[in-house]
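Per-chain numbering from 1; labels A, B, C, D and E assigned in written order.
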Amino acid sequence: MDEKIISKQNLVNFCKDIVANGHNLLAPGKTEYNLIQDPSEIVLDTKSKPTKASYKTFVFPKAEPILYYKRGKNDVVMLDAKVDEKKTVIFGAKPCDTNSFNILNKIFNWDYKDDFYNERVKNFIVIGLMCEYSDRYCFCTSVGSSPVSEKGSDLFLVPIDENNYAVRIVTDKGKEFIGAYSKYFTEGAPEKSKAAEEKVKQPEVAFDSKQVHEWLGKNFEHPKWDGVGDLCLSCAQCAFVCPVCHCFDLVDEDYSYTEGRRMKNWDGCQFGHFTLHASGHNPRDIQGKRYRQRINHKFKYYVDKFDEILCTGCGRCSRGCAVSIDIKEIVANCTD
Amino acid sequence: MKIGVFICHCGENIGRTVDCPRVSKACQWLPGVEVSLDYKYMCSDPGQNMIKDEIRKKKLDAIVVGSCSPHMHEKTFRKAAVDAGINPFLVEIANLREHCSWVHDDIDAATDKAIDLVRMAVEKVKRNQPLTTIEVPVTKRTLVIGGGIAGIQAALDVANAGYEVVLVEKEPSIGGHMSQLSETFPTLDCSQCILTPRMVEVYQHPKIKLMTYSEVEKVEGFIGNFTVTIRKKARHIDESKCTGCGLCTTKCPVKKKAFNSFEENLAYRPAVYVPFPQAVPNIPVIDETVCTYYKTGKCQMCVKVCGREAISFDQQDTLVTEEIGAIIVATGYKLYNIEKKPEGSMIKGYGEYGYGKYKDVVDGLQFERIASASGPTSGEFKRPSDGKEPKKIVFIQCVGSRDDSKGFSYCSKICCMYTAKHAMLYKHKVHDGEAYVFYMDIRSGGKMYEEFVRRAIEEDGVKYIRGRVSKITEKNGKYIVKGEDTLASMPIEIDADMVVLATAMIAQTEASELAQTIGIPYDKYGFYNEAHPKLRPIESTTGGVFLAGACQSPKDIPESVAMASAAAAKAMVLFGSDKLEREPVVAKVNELFCAGCFLCKKVCPYGAVEVKEMKDRNGVVYKEIAYVNEGLCQGCGTCTASCPSKSIELAGFNNEEVFAQIAAL
Amino acid sequence: MKVGYFPGCSQTGTAKEYDISLRKVVEKLGTSFDEIKDWTCCGATSAHVTNHMLASALAMRNIMLAEQQGLDDIVAPCAACYNRLVVSQHETMTQPALKTEVEAVLDTKLNKEIKVMNLIELFQKIGKEKISENKTFDIKNIKAACYYGCLLVRPSSITHFDDAEQPSSMEELVELAGAKTVDWNYKVECCGAAHTLARRDIVLDLSKKIIDDARDHGANVLVVACPMCHSNLDMRQRAMKRAYPGHKEFPVLFLTELLGLALGMKEKELGIDKHTIEFNYKELAAEKAAV
Amino acid sequence: MSDKNWEPKIVAFVCNWCTYTGADLAGTSRLKYPTNVKLIRVMCSGGIDPVFILKAFERGADGILVSGCHPNDCHYNAGNFHARRRWTFFDELLEYLGVEKGRLQFSWVSASEGKKFVDVVSKVVNDVKEMGPFKSYDELNSEFMTKFPDMPEIDKNMIIKEEEAV
Amino acid sequence: MEELKKLAKELLENKTVAAVIGYQQVDDKRTKPIIVTTPEDASKLVFNEYCLNNLAVYLTKARIKNLAKQNGTTLKLGIVAKPCDIHAIVALIQESQLKREDVYIIGMNCHGVVKDYGMDFSGETLATKCTPCDSHKPLYSDSNLGEVKDTPKVSDEVLEKIQAVEKMSHKERFEYFKKEFDKCIKCYACRAACPLCYCQRCITDKTVPRWVESSPHSRGNFSWNVVRAFHLSGRCIGCGECERACPMDIPLSLLNRRMTETAKQAFAYVSGRSLDTPTLVGSYDVKDSDELFM
């Protein structure tokens, strides 16, 4: 694997060129990832707290039209929606974010290949950044990742001294992309970046995902679920800030007497009406069952199906929870 | 769903500004529309037959008629639809006349708008639910509010037809203003003489429950099913014991503390009193505010003289509840007291002409009392200030009426007649007296009315001056009346001994409060509104509430009596059937989602929302939710708008229907 | 407290004593005037019948000046000025077309409504109780007929001041000053001022009726709040004597002069000696005693 | 506005007893007002949910009139009193969110005030004309609409205002 | 603190309450809600400046209500409540969601809480809902615990922001809120955290007809946020939980507070302050003014 070095100043120039070339440039802001107009605003900080929301909405938008329709007296015509084919560069994403691509690629290319997702991902260049932040909610190491994981990144940045970053070229797509900007890069020194990586304090491993998987398989009915359910308020904050939660809802929306669009919107399994049947029956009628579903989906069913944990360990859901429900704690308790 | 659209030309009324063929053609292309036609007069028999035929032929599920206002012909078209076999609530009217052709000029724009209106109606009718009318029972009892001549007449008519009546009068006696009058125009017969037998008839009628000194406190329910709470004010006299001997009233030591309101404050009355000798019932009332016993705990003169022990100082107000089917409101009028600060009046007097300042400037009712043989002067003309016989009286008409700037804009209607009567009565008794009448116009429409006025002028020599009086000043016991004779174009000054103001008839002081209690609308003056000025002049807009007499607008006696009989007839029409059909426009709660915040209950003006307990299989209450009593619900929909989770809907105007109309804009 | 002051032409001429007494009384009550700088005619002269625009613009110019001077309210002691300013302001502010025109003429923007007060409103603002508080001289022998005239109270829909037919606010002030008042009939009748030069016969007739009615109702002094009224009622009495033999002189005081007396000022100080009909409280009291 | 032929779309939510009847009276009296306004009848102003107003804005209304019986004159006694509190909040809220006052107007029009109805409607139409199309609200909607401006015409007949259909 | 633990233990032991809803310590500067059902667990209860949650939200949850139903009788639910939380309880009682006798209010004296966990308590970190707060002692409570301390005095940030926004032109305001609302992802955390959003089915979940577009695009977000703020107008008790719960940092308290000010100015009403007055929404006064909207 190739490695190059780029100075801080050149990194800014690099970003400026990206914007100048008409690409979208995304970088983490305070609450969410923002589209950047002026690259000098970007603050690259390995110690920064993860944004409240992941960049999921840029690959799997919170609301997107999938088709347009127009009604006649007796017939309807439809028109497929198209994805904007603009190249998008995500800059400075944490490994717990970039890891999401590996996980989401599976579900969106399973029995049905989701064009909207795949089209977008195709045009994505992901530039990851080593992470030195860790709080009580982080647990990437428990789900098979780490603060220095390159999974999902096309390029990966590691700060090696005050003024320089090592740029690891992870994929061919990444290599191809920086080819056009080679003037900013100099030859790399892998030993320096290795050293930097080793200094990173890794979050403690909180649970063994295999054991959890096993426990979940045996404890579908367990009084523990009710306890969590009593405290949970049934919002979808956890699902919507999650980089890998991917449930959606389809709604037809008229915007005039004859025309309208079909929207694909995020949905969250913690909503009471998520599984509400038209008959009035609700298989997950109480919150405990819904929370059980959340944990099972992430640590059991997805693993069964795709051999991936549906979680990057970023801790966003716990950090943002209004009633401080800590998923790490709950999963760690999923043992006998 | 198959919908038929029928566009009416209304002769030229719609057709002139709306291109009806274009509308019907355009509507053919609306989704769901099976047939779209236009016709000259949709409400005519051929028009209705066309609708019926199309419904049968094309098997239509619902129809939209583009015609006049639904307030005009909705019923007609619903009936046509029912005849052809579809539910009346699957009929929608697009108002193409009042809301389109009549208010617009531009044919293109009006036609476009007409298409929009029909489209909205089509979208609404698609969501309409078939509804069935609600049947409610009728309580065959009438409440008459007000015991003046109108109330008396209405009560007698209904009672004579065999239905029970509750007659409520706020004063201690029935009789109203008519009992205060000396003589009546145009026949000059004695008011008391013709009224008293009626009052007695009411008192003795087995079907009439008379409640004097009582007021309506609360009206709940709806047509055919009102529950009325009446406050029976404490008389402090045991009605069952009192024989009406009147000894207490003559022995009461309180002589000059309270004005006699029957005598229009021209005399005093004792603390225990009967308003006038012929009062019905002839039972006195003790006025707590002036009675010595209530002030000092002493006296009790009345107790001493009453052989029947009928005095009951600790009697309290009582509340009586009556089940009622129809209400006749006959609360009458009062005179505009233009004195600067009339006590207890909502309407501020404007204090001109020295009324309230000069004792000899009186109003019409005061003059009636002065002229009355039973009045404070025993029928002799004496002026209030010094008791001298006035030799020159000026009568001023239209005081406070027909006066935009200071009084009311309307014509008080009866003043021309009673002023002529007053002048005549004066001239008959004071032969050497002079009577001047300042008038704006003489309005004497009515049988024998004009002749009556002519008699006053020609036979009795009353001097009529066309013009307004600007000011009255007092000088050496005379009243200098300054005005203008507009026929002679001359300013005029008369030094009168007495001035009589024909002040306007206005609504009763608490007219608007009572209207709000009953739930009927009133105009800006406080007179009650009829449902239709021409075709439904007796009914209020609230079902089961009818109007009689001067509470609706100024009226003379024959008109009031006629209206009272008409109101009685209306009540009896209601009692003609055992069940009443009501429109099924009522609210309904979605029990699955109601969270039981009861905001609907809080906002319901009819108390129609009740609490319902939802129980699980074991009979345990798991939640309390709202429940609408269909009988009480009047269909306003205030609950639906206030429900935060939209778990209550108004049938016939549900939210889906409204949204469909918005979507079709 | 500072109040804007619009004197008007009479205050500098025929009614100089009104100006003098007003300023003194106001000072005594602890208030001072901020006179509108460069004030001009209010437009109450022939302007308002000959040229509506001119009348409005003249009045609004003064109000504009007051606004520019940072005043919130101004007093116009002359009833005619008061009436013109109030009416013009009402018309201008409620008729956008007129407002635009007036603004163009004045070359400025009219932003705020200035409260224009008449004399009585001024004392109501200063505080009626201050009169009784500062009273040092007893004038109980004065029996005043308070005369409002036509302009002070009308049109009531615009002035919103007192009752147009039976006003009583001036009586209140006079009684607070310690004098007595009488109830009479001619409080708001016309004195004929509009005809003062053209039809003297009408003026004499109307004014005499006013004076006679006041006397008939037991008054010994007429109190006015308008320089026009004053000049008619006071100055015309000599002519009245000629026209109506037997007419007896009747003193006419400005309200401010009466208040001035009660506040301990001398007749001369207040300018009462400038009147045609002489007035001296001591003599009045003595006369009263003699009767 | 730039588009000279632009005509505002005005929706009026009115109560059955007063304002609707007042509008009928305007018709009976042959008074004239602009064609822009379309009435939606509900039984009582108390039944007008403010969300109706939002919906109408969503459907492209440039201005909205809400009207019922005068206070104290409600056919149902108190519907408009409740409406009054509701409207106070809703109007304050929308105003705070940046919707100009003129876009959403409230009034009391009684059954006898045909002239007032005309005045009120004309005022709304004039005010809205002066403000122009409610672009800012439209733009909320355009997020996913403008991308595909060329929707195919399905059926010529769908152009319902065209005279020569068929 | 000890008195709280002792009281809770007693209440649970003598079966006065079925459960105590309170706070437990997570770490130094962090607490989380806990539902204590056994006397032993009562020792976990704490109260301090890190007790951010308004626990009244739990009182309307069906499962929590069910906890109170034991062997055919209904016990009380105990709740550790700050004075501001008690306003919510009052509002819930007024809106028939709760009966006064069904809840045992352990009212805590309060001198403010921090903006977020992990902060030191000081004026600068005082939660914005606490700056205008005038209820430092419980209005209604069955037991009143906790020491009385002074609240740091700081300026009313939210009110200043409201005024700043008010100074903008209509166009700017619309743009400002559009931008803020655009962030919304419709996770409905605001709704979930609000003690007064107790509807069984929210208006936004009603599909026939569709009241509020469910899509989190500009239009749907605008509608939702307007409807949310409107439904809380005159009802919001200002606990600020919606804004704290919002993962996208939308300034929801701006709207809530603005409407609260309207309620105060137009109707002299503050929600949740008295069990004896009728709720503002749901009552009326014939003298109410038309001025604000006409």
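Basically, contacts are C-beta pairs under 8 Å (C-beta built on N, C-alpha and C of every residue); 3 or more make two chains touch, one makes a residue touch a chain.
All figures in this text were calculated on a predicted structure; none of them were measured in a lab.
Counted as hops between touching chains, the shortest connection from subunit B to subunit D is 1. Centroid distances from subunit E, each centroid being the mean of CA atoms, peak for C. Taking each chain's centre as the mean of its CA atoms, A is the chain most distant from subunit B. Counting C-beta pairs in contact, the chain pair with the highest total is B-D. Measuring from the average of all protein CA coordinates, the nearest chain centre is that of D. Look at where the CA atoms of subunit A average out and do the same for subunit D: the two points lie 44 Å apart. Distance between chain centres (mean CA atoms), subunit A to subunit C: 84 Å. Subunit B and subunit C have centres, each the mean of its CA atoms, that are 49 Å apart. For the pair subunit C and subunit D, the distance between mean C-alpha positions equals 54 Å. Contacts with at least two other chains are made by no residue of subunit C. The set of subunit B residues that touch two or more partner chains comprises 29-30, 119, 592, 603, 642, 655, 659, 663, 665. Chain contacts: subunit D has residues 50, 55, 59-60, 72, 78, 82, 86, 141, 144, 157-158 touching two or more partner chains. Contacts from subunit E toward subunit B in the complex involve residues 69, 95-97, 198-203, 206, 208-211, 231, 278-279, 281-283.
Within the complex formed with subunit A, the residues of subunit E that make contact are 26-27, 30-35, 53, 57-58, 61, 63-64, 117, 183, 185-189, 191-193, 201, 205, 210, 213-217, 220, 241, 244-245, 247-249. Contact residues on subunit A toward subunit E in their complex (touch as defined above): 30-32, 52-53, 57, 62-63, 136, 226, 229-231, 233-237, 239-241, 249, 251, 253, 263, 265-266, 268, 271, 273, 286-287, 320, 322-325.
Taken in their complex, subunit B has these residues touching subunit E: 592-599, 602-603, 620, 624, 642, 644-647, 655-656, 659-660. For subunit E in complex with subunit D, the touching residues are 165-166, 168, 170-178, 203, 211-213, 217-219, 222-223, 226-227, 229-230, 233-234, 255, 258-259, 262-263, 266-267, 280-282, 284-286, 288-290, 292-294.
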